Amino acid sequence: MTSTLGAPQGVAETEKAGLAVRYKQVRRASEEICHPLAIEDYGVQGMANTSPPRWHLAHTTWFFETFLLKPYLPRYTAFHPQFESLFNSYYETLGAPFSRPLRGVLSRPTTDEIYSYRAYVDTALMELIGSVRGNDWENVAARITLGCHHEEQHQELLLTDIKYNFSLNPLCPAYRTDLRQTPHEKTLALDWMPHPGGIYEIGAKETSFSFDNERPRHRIYLGPYTLASRLVTNGEYLEFITAGGYQRAELWLADGWHTVRGHHWQAPLYWQCIEGTWWQFTLGGMQPIIENAPVCHISYYEADAYARFRDARLPTEQEWEVSAALQPAQSAAENFRESDFLHPQPTPRQGQIMQMFGDVWEWTCSAYAPYPGYHAPAGALGEYNGKFMANQMVLRGGSCVTPTGHVGVAYRNFFYPHDRWQFSGIRLANHL
Amino acid sequence: MTSTLGAPQGVAETEKAGLAVRYKQVRRASEEICHPLAIEDYGVQGMANTSPPRWHLAHTTWFFETFLLKPYLPRYTAFHPQFESLFNSYYETLGAPFSRPLRGVLSRPTTDEIYSYRAYVDTALMELIGSVRGNDWENVAARITLGCHHEEQHQELLLTDIKYNFSLNPLCPAYRTDLRQTPHEKTLALDWMPHPGGIYEIGAKETSFSFDNERPRHRIYLGPYTLASRLVTNGEYLEFITAGGYQRAELWLADGWHTVRGHHWQAPLYWQCIEGTWWQFTLGGMQPIIENAPVCHISYYEADAYARFRDARLPTEQEWEVSAALQPAQSAAENFRESDFLHPQPTPRQGQIMQMFGDVWEWTCSAYAPYPGYHAPAGALGEYNGKFMANQMVLRGGSCVTPTGHVGVAYRNFFYPHDRWQFSGIRLANHL
Amino acid sequence: MTSTLGAPQGVAETEKAGLAVRYKQVRRASEEICHPLAIEDYGVQGMANTSPPRWHLAHTTWFFETFLLKPYLPRYTAFHPQFESLFNSYYETLGAPFSRPLRGVLSRPTTDEIYSYRAYVDTALMELIGSVRGNDWENVAARITLGCHHEEQHQELLLTDIKYNFSLNPLCPAYRTDLRQTPHEKTLALDWMPHPGGIYEIGAKETSFSFDNERPRHRIYLGPYTLASRLVTNGEYLEFITAGGYQRAELWLADGWHTVRGHHWQAPLYWQCIEGTWWQFTLGGMQPIIENAPVCHISYYEADAYARFRDARLPTEQEWEVSAALQPAQSAAENFRESDFLHPQPTPRQGQIMQMFGDVWEWTCSAYAPYPGYHAPAGALGEYNGKFMANQMVLRGGSCVTPTGHVGVAYRNFFYPHDRWQFSGIRLANHL
Amino acid sequence: MTSTLGAPQGVAETEKAGLAVRYKQVRRASEEICHPLAIEDYGVQGMANTSPPRWHLAHTTWFFETFLLKPYLPRYTAFHPQFESLFNSYYETLGAPFSRPLRGVLSRPTTDEIYSYRAYVDTALMELIGSVRGNDWENVAARITLGCHHEEQHQELLLTDIKYNFSLNPLCPAYRTDLRQTPHEKTLALDWMPHPGGIYEIGAKETSFSFDNERPRHRIYLGPYTLASRLVTNGEYLEFITAGGYQRAELWLADGWHTVRGHHWQAPLYWQCIEGTWWQFTLGGMQPIIENAPVCHISYYEADAYARFRDARLPTEQEWEVSAALQPAQSAAENFRESDFLHPQPTPRQGQIMQMFGDVWEWTCSAYAPYPGYHAPAGALGEYNGKFMANQMVLRGGSCVTPTGHVGVAYRNFFYPHDRWQFSGIRLANHL
């Protein structure tokens, strides 16, 4: 949780200026994401797992207030005495958080008041950066950096939650009508890229920011394996549907089969078959399925069943990371939020490992667990990642709504195997 | 459902003018109720049973569009093709209504668009009143009258739903801060007013508007009974709480006991004991309990248990109606919405039957059932009342948020025995 | 609850002898009902609402032990100290009963031990009858009488619960293979029998045993009505199914429609369509549907929807009782348990009101409520009937598994509107 | 799933004789476990996760009938045509199994009939062993071996399910009253046994039977770690309880905390605090807690929280296996079913790693997942283990109700993190 970044006294001014710029950019980006919204859209909570946009804006602010301003800025006065519990997400150490499934009923504070809250905290944060001295700087800088990464995570959630909320409305409103459109690319073959295995190190290096769950860097052993050169496409996934994939128990994990039957799943989330044609709900409204674009909004169960259907499997997170670390930079080809598609795109190249970053989060077959030697940080920040290390699966690589630069080789995302509202998809692997 | 009011051809113009005035007044009143709201408040749905204010505004408009404009106004174009299903509450005959518990996710149409929808329909309705001819007039007039009563019912729900929504917010926002305050009255004794029973007629007379469920007027036989002169007060109800009423199984119906245990009820809805003092959430925010004001937000189970605690019972709806019909006009003392308390008030007089109208809906011990000879109207309007005649109990007399004039002697309201978010209270009765 | 039967001192010996005979007959009948069971069958609880046969045998014994032996037999030692709570059904006044849905896990006491418990209590009860003196006699006699009626109610439940339990087993075991078979009768027309209405008295007379819920006898007023001469048949009900009755929302109460959709009901309980032919599970195993036999295992919602389908309604319990009181004795034609069909039978006669008693319990449209002036008895026996007077509907007339003589004109049975595992059916009524 | 054991033609007779002996021993042991039961106990299903003893006896028989007799014994006639679906546990490939939570309602076939079914299949199985020829032998032998191991697994479940069933009965019946009692040993200190880590192989070797989920044997890398010399005791766990362990959110995984709150857990399953003293329900009835015996009936969440309370962690399954493989034989000290305690016992020795086998299943912090290169066998037997590889955690080492010889170094058991009805306990580990 705490950054590994240290700040020797005396040289901090440039660092301070840099951090202030970074802070402002991140904060502005959250608000820009909300610009296309009507006031009414700010309050919607489509399911217990999602949060109203307004809540995201307030909670990320609460993070800076709680972990920076209250402990480190002398004479700081809280914007509102009850926001501490109202916008606490899940930090039990800080007292009972407000009931998660009821976030949608909080019409007050209003959106305007939340923007005021943001401005108030931003001002105080600048004051803190300007005034903090000596020994505190290292902690303050680390926590601001963490707070920026935290806010970037919520920027992604803002987009996935808005998409989910809007999808429930029969009017199918578009979040934006000016998004970039998928160019017509020809479908490129899926190649299998072998790797010999061996002893490797994975986990975050000490040279830049990382989340606690990426540490400590440690040694692992891998047997030989092979990785698909690109993501599974909608067209390929349609073959699974057409072949009765959702009706064939033998393809599914037992818990997956139970989920499929219980929820009557017949296709990925947001897909709809209208008069024989498949459509999907996107951040740009209803769109026809594009065959060579990556399939997304897939649960782990579906990813796993699809892999079995192809006599393949999903990669472990170790395999994924080792392979990802070997790739040359492909930033030109990476589809992150700033690409402004807000939707996964067909791969532009063949014959090498592509699409590792951006487009869709890739389900790995690794359960989310602590790395050897992991210790959650002391205090409330220790709840950030550690307490979720059960029942969830690791996803890697970021998606088309992740901010550029947020996700690296060692980044570990995690969701329950039945979750589908993230931009999650499939890369196949196999043993050699 | 259809009014009993007929309109002979030729004399309709005055009637038309009168109805137009009535229509405009009712429509305006709904919007005035919403004036104190922030845009954010319009979208909140605190539980499946309540609806967002925005939805009430749209649904009441939908009623006029669906039952008046579409069938009777030639060349009428619907404001939006999907509003028919979006704002259908429960009329299965008209196609599947949008899922009730999800009304809170409908951030679109926005509040502004819903006000435009209202204006559009209002204009068309005026056009209909002006242009309707001959045989249609009687039906149109009856349906407009019904639509106005329907909207008045939703005005009451607007206030009870807003109260419920706000109560879930730890900030305890006040809907209004300028409400009239309860004057300090001394507590007046509860007298028992005997009635000899006999053969009576109950149900709506043919001389003015009535809902279908109030008809047909019919003969009943009553044994002798006695009725409390006033409503049960908070002070009296506190004695029940203090005497362990919520812990004594022998006072409760079996289903009531199950509900009390399951929901951990210890007091009426909205009551909170803060450092030894009882407070309640009101439309004016948190207020201390006033001992001589009527208890409210009580379920049928609590009303029934309280009556048993007092060796009494609740009145039947027949007893209530027969007694109510005998009372002299008390409109000066009646606390309806226009009194602008929006909260039940202590009775001002002793020695006669008081508070039959306004203040709180009075639970009767009568299950909601069709009157002898009742037939639901044909078509979708037949779903208005008839299909709810199971598992609910009748309440009589209106409350402090009911519009003046909406509720008469024969009016039958109905809720499930566990419902508490209406302004519902207790009048005791007994056998002689 | 307490019998109205008094026993003047001195003349009690004959009365005692009579009561002892009655007691033994009732007790023996319960055990005879269980003779066809395997030991394994004694323990099954098919759903929370049903009880294992073993439990019925023990609970009825508990009733005599708790309400007779412990209070009235000096120096009586309980058979087992924990049976008081183990076999308490729902008397909260006596301490927390064992969790109802878990009755099926009580493999101990074993069936043998429960038969020993029965014998032990029977011996002590005979001792009580022999030894009780003076003032106690009246109470003791009343409670023994009540206990016998109580056990007869459980005899009926034994059969309905066994039927339900067996129906869940894909082997479709027959409870008995030697039951009487339905003779081939021709279908008799349904006649409408008018009644002019007027002032009547209903409720139990003081001349023989009655349950507290049948009292006090009281005056009522009825408008004119008409009653079907016989029960609705399977053939008639099939027309409702064939006409899409289960798919047409407009025929159903709102709560009924919700139940039908939620449980995917398509036909009465126990019906199964096998290769185009309708079969039903009976106490004699799977049998083809007999068209002119009364439909049974119908919920209130289905009875109500069927009536609406026929432009009719269900009778009120007052109408039912007034008409039933006017019928000549038909005991030759009454199909109670002793007829040994254990299944409803076609009516043997036309042109008069038939099948009022036996065959199936007839749903009335009356909610189960206290009669005017009703008071539940003091103490635990007050829980027998009174606390269930909410959310349930009254059924009248007994069924083919009710013991002969158990049910009279004033008898009130009650179940929830969704309950189907009793032998419940339909008699139509209408207004004139 | 299929054994790796091959049988060259010609030399099979000794092997056949050996397998026949093994088969008979296993089959007899299941029935001996059931001897102390009353017929009534055979049918109880205390929760959806447990099965009635009768069902275990039938299902293990079904396994031999389905996977051996039907495919390999010419002209074999099934004992009963419907047993195929009735006693199918979860093999979807074989058609829809009978609903699991309803197993307790199957009073038929009776216990006697199930014993006949067992005898019938045993006879046929002996015939199969005698008659099978040539190429089939290898498959048949492998499947019989698997069937024997399968039945041993169900022997353990028989005991854990009986314990659970009996625990729900307020009479607290003892399964057996003649079990061996825990000797009074003094409490031995917990030592930390370090291991340097390195490259190792884990997984089943090819030399004897193994389940498919133990294969393939594969290479892993371990960092240095340390393992507790013995299991956590009741006394140590009581310190966790006394220190408020069940009330301190910071000790728990988020899902664990949710479970603890939702189920109001305050202690291990079967523990009860009676007048200040802790007791536990055992297969010998209620017994006081013995401080130096291992704690058991602990969920993964509790094991994990306890470890955090001690600044330790649970071992990975790789660490466990590597350490277990290094231990000298300790069979004299191992407490498996045949020790006849049927309860975990204090460790008899200090200064070395003890209690790795028997006593309690040890939760590892490894999610249950396929080994690298794992493929589920083709056909229905492929459902045996593979489809459960999600959401469950691995446990190692067997318990006091596991048959001796059933569990080896590579054996992987798995349960959901909230499961508590197995004899599951805690061994601590830590990083060096």
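Going by the order they are written in, the chains are A, B, C and D; count residues from 1 in each one.
Everything below uses one rule, namely that a contact is a pair of C-beta atoms (placed from the backbone, for glycine too) under 8 Å apart; a residue touches a chain by one contact, two chains touch by 3 or more.
Remember, it's a predicted structure, so these values are computed and weren't measured experimentally.
Visitor: Where centres are the averaged C-alpha coordinates, which chain has the largest centre distance to chain C?
Guide: A
Visitor: From the mean C-alpha coordinate of chain A to that of chain D, what's the distance rounded to whole Å?
Guide: Here chain A and chain D have centroids separated by 38 Å.
Visitor: Quick one: report the Å distance separating chain A from chain C, using the average Cα coordinate of each chain.
Guide: Distance between chain centres: 60 Å.
Visitor: When the C-alpha atoms of chain C and chain D are each averaged to a single point, how far apart are the two points in Å?
Guide: 47
Visitor: Among the residues of chain B, pick out those that touch two or more other chains and give their numbers.
Guide: Residues: none.
Visitor: Any two chains that touch count here, so list every such pair.
Guide: Pairs of chains that touch one another: A-B, A-D, B-C, C-D.
Visitor: Using the touch definition up top, name the residues of chain D that touch chain C in the complex.
Guide: 38-46, 54, 82, 85-86, 98, 102, 104-111, 165, 168-171, 173
Visitor: Touching chain D in the complex: which residues of chain A?
Guide: 90, 92-93, 199, 218-221, 223, 225, 249-250, 252-257, 300-301, 304, 313, 365-367, 369-370, 372-373, 382-383, 387-391, 417, 431
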